[in-house]
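The data blocks that follow each hold one structure.
Both of the next two complexes hold chain A, though its partner changes from chain B to chain C.
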Partner chain A sequence: MSRLFSWEGFLFACLIVIFTFNAVAAPDFLSISNQINLFQLSIEKIILALVMTFVIINAEIDLSVGSMMGLSACTFGYLHQMGMPAALVILICLCIGVAGGLFNGWFTARLGLPSLVVTLATLIGFRGLARVMLEDRGIGGFPDWFAALGQKGLIGPIPFALISFVVLFFVLYILLERSGFGRKTYVIGSNRDVADFAGIDTARHKIIIFTMSGAAAAFAGLLYAARVGAVRGDVASGFELDVITIVLLGGVSIFGGKGSLVGTLLSILIVLNLRNGMALLSITGHIQTGVIGLLLIASVVIPRTKLATPSFLKPEVTP
Partner chain B sequence: MKHVLLGAAAAMMLTTANFAYADTIKLEPGKETNMVLLPKFLGILVFDQANEGAQEAHKELGNPGKLEFTGPTPENSTAGQIEIMTTAGTQKQGAVMLSNNAGDQIVPAAEAAQAAGTKVVTWDSPIPGGKGESVFVAQVDFGSIGTVMADMALNILGGKGKMAVLSATPDASNQNAWIESMKTALAADPKYKDIELVDVVYGDDQAEVSYNRALALVDKYPDLGLIMSPTTVGIQASAKAMQDEGLCDKVKVSGLGLPSEMASYTMNGCAPEFALWDFRDLGYLTYFTSYGLATGQLKGEIGETFTAGRMGDYTIEADPGREGAKRILMGPFTVYNKDNVEAAAK
Partner chain C sequence: MNPVLALRAVSKNFGMTAALTDMTLELFPGEVHAIVGENGAGKSTMIKIMTGIHQPSAGTVEVDGAPVVLSGSKAARLRGVAAIYQEPMVFPDLDVTENIFISATSGLLLNRPAMRRRARELIARIGMTLDVDRIASGLSLAEQQAVEIARALSQDVRVLIMDEPTASLSAHEASELRRIARALAADGVSVVYISHRLEEVFELANRVSVIRDGKHISTKGIADTNPQTLIAEMVGREVGNYFTKMPSTATSETLISVQGLSVDGVFENISFDIKRGEVLAMAGLIGARRTDVALALFGMLKTSAGQVTYKGQPLQITSSRQAIDAGIAYVSEDRRKMGLAMALPIRWNITLATLQKYLSPMGLINTGAEVATAWDYKKKLNIRTPNTDIAVGLLSGGNQQKVMLAKWLNMAPDLLIVDEPTRGIDVGAKAEVHALIRAFTAAGGTALVISSDLPEVLALGDRILVMREGRQMAIINHEDASQESIMALATGQKDAA
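Take a look at the complex of A and B:
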């Protein structure tokens, strides 16, 4: 019952409204191909949002995910063009993601620098590397199996990326809500000092989460390369802001310690359905951006308005 | 045997590019098909003009369907174009008219749209590899743009001097093709031998970025004589930068610009000469082409000739710049200077 009157409950109500509106207003909305496209068009961002939920609950931020996606996608294009086998290149790209994540984590957790600064630096740095590698070229001509993985259905009409998203959601859900690792994530996010006193190796924990984020970003970069079949230096630039928007809209507190993967999932569905509905109704990009912006403002303001808001609109407060 | 001979004769007619006797297709008006005009992004005057041309053709052909003018925001151009292209297939649009800013990244979405029965007609900027595209409506011959720009440089610099190019985005295939063709033109004729192309920079088709890039060029090359900007945003920003800094006596600006935006700079000598085609016409011709394809009246095959309303007859031909791709060539160019710019600006 408490769940129903929580922020998640409010998001769920919003989702029902948007979904119903789309189904009535746009005749093609419910078609299977559109439902798959709806996810596919933003699949990389929503995969990143799942991992970003961990990062932000842990009271950190990772601004470098878009640039890491770009670096991974560009490395794939570059090395593949040099003639390396695609399977090996994929492995290298994932290793780059892990290394980049370790780098972010090390500087944040061990040296105590703010993650905002560290990942802002790597946002610029990773993007710089990607651009140095590809300069102003676009690279395409990937192997057929790689393109098919990104563009065609793997199980029936459902593509590999969407299956990955679903599997990742369940794995991360168990990790966050049903494991010691998840509980530590919340505790460290609420108060790192307390966690330290309690004997938790908070630095190690943070490094693991940043590494997860880096690896997920590299994976997302590969998915992007497969989906669009060509890469260039500006791949996924600015994606980090969309990812963070989704997570915050899902009720995850930017100060850490609060939030849930279910909230993120609901927020993902809201944003995707909203965008898809507007696209099907041929509403232009500027208005789409404006609507999502208003939604984010609402998500920040509504739960904090004490007087005017009925209690069910306030996010659950952990004692 | 007779058929074979007829076929051979027809093939010869096509390959010799002599279409005088080929049937010209008159498009039947009043057929219903929904179409989308998709610019690189919103908020650029020339794309609005292309839309005016397309709307004019839409009315003229009496299409009871809808013509939507929709595009992404500048910072979201690639992902936005892919999204709109994908959605168009879902909406079962008759055709998408695309000024491509996504390079070959648009190909899977364009191919999916084609598979769903949506024709993809590019204008202004094609799909580089030609995949997923029905036909490209080329504003002018990409090779001749190079010569026109080289000649303007020759005039303005008086035969000798340093020039830099300020382009739009690094992956705009039209821009890259034009810069290449200018390099080719400069190398081809000894009369250009004293003109030195020192740099190519990118202003992302955003006024402020272009403005700063123009100033950076002047700092980097103190003896620069000319900034050549083959984009309407870049040329205006460069001209304004030179005017604001009082550099118009030293550094001239030229390239592709809109008379209405450039008239004052031409009259005060900052941009003595520039060139362009009519974007209204480009939108108009693109609409006729797309309407023909979407209603099945055109097959999109090389050699087909059709009448595009007030603009006359056009033929689908092989694109000399992109192997395996097809184009319709609009042309021609207008070069603007002190004598004609004010009349065109009205």
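Take a look at the complex of A and C:
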């Protein structure tokens, strides 16, 4: 009952409305190829949104994910062009993601700097490295198997990236909602001092989460390289804002301690369907972005109004 | 002569708790009026009513004999009432002049030369020498307070409330501040001086009022009273049944022995031991640094000297994890900041310090066991809530306190450090919490209870350690302790034995 009136319930209702509207208005909408395409076009962002959910529930932010994606993609192109075997380069790229995440985490958690500042710095730094490597060049000509992984279906028509997303969602869902690690993520985000006093190594926890974020961004960069088949210095520029928008729209509190992966998933589906529907109706990208901006504002305003939490939902407490 | 400011039968209730009852107080121009009382006696509530931050639930506030409504701190300032606190509120990046005129509202353009001239006059009026162009962050605490006083003067202050202004000052700075207070009074300002330091009160005040449990006890000319009388008036309340001392369950085995524990600049040379089954109570006023001793024992504050022997072994604790693993629990005095994650479910809070016990080898939480624990404590500690999945912040203070105790009792600690176990909770819940602590020691646990509530100290402590400003004054056996003797030590009227 209460689930129905929660933020997730509201998102679900929105999703149904948008989905139905799309299905009626655009006959192509329900076709399997359109449905896969809908995910595939934004697959990197929605993978990042899953990990960003952890980061923000932990009361931090990672602005560097777009740049790390770019750095990973460019490193792949650069080293592959130098003649290194693709499999080895993939490994190196993932290591770069881990190292970048450790860097963010260490400066945030151990030195106590605000993650907003630390990751703003690495947003610039990682992007700078990517541009230094590739300058103005674009690099393509990746191995066939790599391109196929990004562009063709792996199981039937379903591509590798989409399968990764689904698997990642379930693994991270269990991690956040069912494990001790997830519990600590919420508690630290809700009140770090309380966690410190309860004997939790909060700095270590934060470093792990930033490392997850860095690794996921590097992985997303590789997916991008495979899907598009070529990389440039400005790959994934500005992606971090779309990713954060999705997470906040999903009901994750920017102040930490609150939110869920189900909310993020619903938000992902809403954004994708909304954009897809508008595209099928030939509404331009700028207006699409505007509509999503309005939605984000609504997501901040609505939970604050009294209407959103009717009194019968508030538990009776006798003092 | 009319009082410049008067409270007439003012009461203030917060929910079910009465913070002030029938408070009547008259302040005359040109006097230094000291107000003394224990922690929680209602001094802060009274200040907040005088400065318009709180509105009285009943009674009236009068200025110059006419009833007024002080709808906010700005309204109070317009009537000439201002307050300064232990921590000065200055804008660190602005200079002295800008700080003094920060809320000046007349005129659109700033006339800097005139402002600096006026700032110099105001500083001179309180007998200070201070460059008005200095940036506030570079000033000493005392100088920052002088800036605050000058700011109040710039707004034609008539009643200046000073709340523990000397608590963080050195002896020299404190005497300087008292000189300023006297100068202001000589100038016709009514100075309200709140202090725990009785020697200060007797040096400075013309009259002194005692408040206790939110009620006005007495107002006397300073010549008509003495420290002993004031202490008796501060503590002499009716002692109800729940305050009767429960029998000691101490054994002969020493659980923890602390020798010469110090943290530089915070507290020094604290030594005590506690037997298994014993309750050691720590008494003292705000600023006695009792909580810091607890934090040091719990590994949250780095010690600079001293040894701890625990269960017969030397123990060096540098993190809360280590303390918890050693069987030491710390129930914080600050539920909101350090005690509970208010937005999260009761159940999550109860199992937080012991989460490891509920994890499978894969790291997944055994929700069934967790729910069982939470409901067990809900029943055992009589936590009044429909279920254990609602946010703990929705509970009343007393029930939140029980959740916090449940969290730490669940680790079955050997040493339970409880800091202000009953702050801000009603009498019924207090009795329940006291019974819980006693049940814990009767079952073989050992407790260190920090409390500013003297009846509580006497009801729980088998022995009582009194601290004052970072120093250990004495350890008294329960039989030899009284509220008066503890308060005399805590206020420095009686020296360390």
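Observations on the structure shown:
Basically, the second predicted complex is superposed on the first by the 306 of 319 C-alpha atoms of A that agree within 3 Å, B and C clash if a C-alpha of one lies under 4 Å from a C-alpha of the other, contacts with A are read in each partner's own complex, and residues count from 1 in each chain.
One rule holds for everything that comes next: contacts are C-beta pairs under 8 Å (C-beta built on N, C-alpha and C of every residue); 3 or more make two chains touch, one makes a residue touch a chain.
In this text, all values refer to a predicted model and were calculated from it rather than measured experimentally.
In the superposition on chain A, contact is made by A:Arg232 with chain B only, not with chain C.
Residue contacts after overlaying the shared chain place A:Gly140 against chain B, while chain C stays out of touching range. By the touch criterion stated above, A:Asn37 is placed in contact with chain B alone, chain C being left untouched.
After overlaying the two complexes on the shared chain, residue contacts for A:Arg178 are found with chain C alone; chain B is out of touch. Once the two complexes are overlaid on the shared chain, A:Asp193 sits against chain C while remaining clear of chain B. Judged by the touch definition given at the top, the superposed model places A:Ala279 against chain B, while chain C stays out of reach.
The touching residues of chain A, counted against chain C in their complex, run 174, 178-181, 183-184, 186-187, 190-191, 193-201, 257-258, 314-319.
The part of chain A that touches chain B in the complex is made up of residues 28, 31, 33-34, 37, 40-41, 135-136, 138, 140, 147, 150-151, 227-234, 238, 275-276, 279-280, 282-286, 289.
Chain B meets chain A in the complex at residues 36, 41-42, 68, 70-73, 75-76, 78-80, 82-84, 86-87, 90-92, 102-109, 112, 128-129, 170-171, 202.
Residues of chain C that touch chain A in their complex: 15-16, 298, 300, 319-321, 323-325, 330, 332, 337-344, 348, 352-353, 355-356, 358-359, 362-365, 384-387, 390, 394-396, 398-399, 407.
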